[in-house]
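Same chain, two partners: subunit A is paired with subunit B first, then with subunit C.
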Partner chain A sequence: MKTILSRPVYGTLSPQAGKSHLLIADAEGASAILDLAKKAPEDFFANAHIMFIPGRTGDSFQASLKALKPAQYYEGPSVAAAMPRLTWTLANAHMGLRMYLAGTEGLIGQMMQAAIEAGVDPASIQTEHRGSWARRIQCVHCKGITENVTTQPATCSHCGLLLLVRDHYSKRLAAFQGVCINAEDPTEVPQKEEIFR
Partner chain B sequence: MSAGTNKLNVTVTEVVAVNELVKRFHFERTDGGNLPTFSGGAHVVVEMRDGDTTRLNPYSLMSSPLATRDYTISVRRDDVGRGGSLFMHNRVKRGMEMVISYPVNLFSLDLRAKKHLMVAGGIGITPFLAQTAQLASSGGNFELHYTCRSESLGSYTEVLRERYGNRVNLYYDEHNERIPLDRLLATQPLGTHIYVCGPAGMIKWVRDTAAAHGWPDDSVHYEHFAAPQPGTPFDVRLAVSGLEIHVGEQQSLLEAIEAAGVDPPYLCRGGVCGQCETNVISYDGTFKHNDHWLSDEEHCSGKKIMPCVSRFEGRSLVLER
Partner chain C sequence: MGINFRKETFRDDFTFRNSPENIRRFPFPYHEDAYMYSVNIEPHVPGPKNSVFEHLVDVDEHYVSEMQDRAMVLAEDPLRCQSLPHMTLAGWDLLELLMTEKAASYPEHFSLTREGDRWHWINRPLGIDDTFTFGDVSTLPYGPMEYITRQSQGDFAILDQRDNNLWMDAGMITTQADWSLDFDIGMNFFEWHAPVPLAHEMGVFTRALKYLTNIQQGKPARRLNWTMTINPRLDTSPENFHKWGGDRLTVTPENVGQKVHLRVELQSFWRLPRSNALVFPIRCYLLKMDELVTVPKWARRFHRVLRDLPVELAEYKGLTRYRQTTVEWLSKHDDGAPTSPGFSPD
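Right after this comes the complex of A and B.
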């Protein structure tokens, strides 16, 4: 993986001292929670809330996550669908909450954004990348966000422009930047290659 | 040499006995005009010229940062200390001209916080007087928990109650009242920062409890100026300047280095800021570390010392100064 200066540095989840724990994962990110559980003290999950978005992994992780016996368990189809629950959870949370985000960059970035907005200190959030490197792109022209981009170039799902996906990540938007690749001559259409896996 | 700060010539315009142990001093610029702007939590180093001895002690500014016509500090008398507070109490009178440093803030508010939870013990209240004034002026959200030995020795309790009502919570040792720290830490909204100033034991209690509750270090702020402790005299070789110096019983290592004509950088002179950190070249003996700057590992390493508050006992000590 080529280093991108603007990309956040992801670590490895490990249990932290805290009064409550909010663990959020998508797809293969579930395996990071299962790995954390191996190192966690016995009563860790009694004060834990797991939010899981299975995505492409289907049914493979649910049973093992539930077996950890978290105080609360949620499963949803997408980040957008999970957001109201996250907002509500954070609005009722107190200092002493520790967060653990695992999975794709899109999930980590968006959950991190919502958490910081709610006042969570970034130092109390751990992240671990697992699974796909598909990118979440913001089209710099129409500002629309396109999820799960795996190709270079990519088509903006809002305005339809063909975008060069730049190695430029915005923490504020939790997205990479996409810039029109053929503005001078729209008839020139470079071949799409699948490069973000 | 004070790092990056100039000196201010000031005149003492008022000395007020707050209670049996605490006096308040007001300083104005000797040449008139406003004093430099500062932010809540800042301190100044006050020079006390007492015959051959010059003491330099840090004191938190307690006046409102919004009014810089004068600076005020409060000094608690310490009858067994090295004499700085006694000098302030017994010798400093209205009309006297003194020299203080520009304000330096090593205990500033983190204005990204959604709420500021303040914990004060005794004379540790002084930086909070400035910080609460600053926050109140901008509608900031704060809550103060202030513990005092007794009602008669509680400095500024009434002023604070009058200004901020039930945002101020008072606890008196004489009534066996104690800050309910566990409950406080468990019930704060996300984005709260905690600030503690008071005796070393109290700071440790708050830091340890906050860490156990899962508060990240970034949201825990503390300040404790350690006064240099008197101790057994010792000799030091300053390798860079090629000098042998003697540190007297009532003298700090930093003061002895300065007395020999060497001018190391300093800021707080209380073991907090890190400016005077000095490398140890060799030693045979035991360090008496009293600072809050070096980590535990550094304290054990024998490689560094903070000469403003720390001492040494043993056969030889060579410093890179």
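Right after this comes the complex of A and C.
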């Protein structure tokens, strides 16, 4: 896949040496945790905290994740709902905590953002993309964030402008940039295509 | 003799224009009849009298009106000026740099008196007379970067240097060509240049970063960059693109001379002494096509450059809609005669 330099590069989760482990996933990201578990030492999950946002995968992963017997297991309806718990967890974390993020770019980006704010070195965080390539975009005009964008162009859910979804990505905002696609001639209305699946 | 500051606008009725003397000092950016990316960085040293390089920080006839336009942009959108918390010291560095350069180069317009940390700054064109304590933010009406860049032409990006990279961690950006400080703040050198086509593959940014991270205090560097703008609009921000993008459809063979502008950025790079940050002033100069063709060499050369520009570059610079109309208009000012090497008007 062709990409540009502002966009994060995702890897493959692998168990790290550490006193405790915080694993966060949404939807198909759960399968990355299950794959990591196959390579993990026996006592790994005794010091692990799994935070899971099932999204479109419904209840297909819960049983397998719980079967790993993590010390703590959380399930939440959205990134926003999970945020207070994450903030608390990071604020109370001890040295030697390892973080693992898996799933959509929106999940990885927002959790990464919260971790950086809490003083975690981003280079120490493992990431793996799984599932949807739907994008989180910031409208450069009104600054509103539109979640789960799958089309090109896309409509800003705040101001309604038709936006070209660029590859340019801000880690600080955990979002791609959206710029009005028909600013030169508003009578030109390009067809939307589903391209971020 | 002082500068005769013009009263003019960069929006609505667009009364901006250059005096004949100011046209001659325009930083024409093409040294030959073609253009392609290059690192083209050179030492920023004082240049010939009556050029924009005469003083290291240039103040020209548009100063007062540009500062009024900046104040309007900031009133509409304060996010154009941002500074991450660790950048305040660099803001003081920048304030010192701009005040000392201006006061030394233009004593009839600016003066700075320092008694220890007590500084007295007079900016006559803008009617400012302030006494403050250097290093004490509470003694200025704005943070130090915002305070001084509300009084200085051009955009300013302040780059923190760490991990062998440069980080866009503060800026005053109100006259930008298609990039958003609010989006790019916190990015490193490669990240904020990510959308630029062709240049990454050519290794331009790797070489440029190596050069920039080695810039020493007291040895600034500079380069020119260019694009084009319809109407003399300073605020060509992506934030307002939906408001000004339509201008590009208004170009006709009859109005090219007045509407189409060559927009040149004089970018300079300075090491700041206390913070070790780099400041990157991006000074914008506008020239109407009618003004450009008063210099025959520039008319010939710009016609050839614009006609032969690679499609990707024209697209990236946003010239596609009016390029052909402008090339045809310029062709009437190009008799095919050879041009002399170098930038100068002849």
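What to note about this one:
Keep in mind that, in the parts below, the second predicted complex is superposed on the first by the 197 of 197 C-alpha atoms of A that agree within 3 Å, B and C clash if a C-alpha of one lies under 4 Å from a C-alpha of the other, contacts with A are read in each partner's own complex, and residues count from 1 in each chain.
We adopt the following convention: contacts are C-beta pairs under 8 Å (C-beta built on N, C-alpha and C of every residue); 3 or more make two chains touch, one makes a residue touch a chain.
Remember, it's a predicted structure, so these values are computed and weren't measured experimentally.
Applying the stated clash criterion after superposition on subunit A shows that subunit B and subunit C can sit side by side. Look at A:A93: by the touch rule set out above, it reaches subunit B but stays clear of subunit C.
In the overlay built on the shared chain, the residue A:Q138 is in contact with subunit C alone; subunit B does not reach it. Of the two partners subunit B and subunit C, more subunit A residues are in touch with C. Subunit B and subunit C, viewed from the C-alpha centre of subunit A in the overlaid structures, lie at an angle of 70 degrees when rounded to the nearest 10. In the superposed model, A:L161 lies in contact with subunit C only, and not with subunit B. Of the two partner chains placed around the shared chain by superposition, subunit B is the only one that A:G119 touches, whereas subunit C remains out of contact. In the superposed model, A:R172 lies in contact with subunit C only, and not with subunit B. Contacts of A:G76 after superposition: neither subunit B nor subunit C is touched. Overlay on chain A (Cα): least separation between subunit B and subunit C is 9 Å. Overlaid on A, the two complexes show subunit B and subunit C touching no common residue of subunit A. If you check the complex, the residues on subunit A that touch subunit B are 16-20, 90, 93-98, 118-121, 123-124. Across the complex, subunit B meets subunit A through its residues 114, 185-192, 211-219. For subunit C in complex with subunit A, the touching residues are 79, 180, 182-187, 190-195, 200, 238-242, 244-246, 248-249, 321.
Taken in their complex, subunit A has these residues touching subunit C: 4-7, 138, 140-141, 143, 161, 166-173, 177, 179-180, 183-186.
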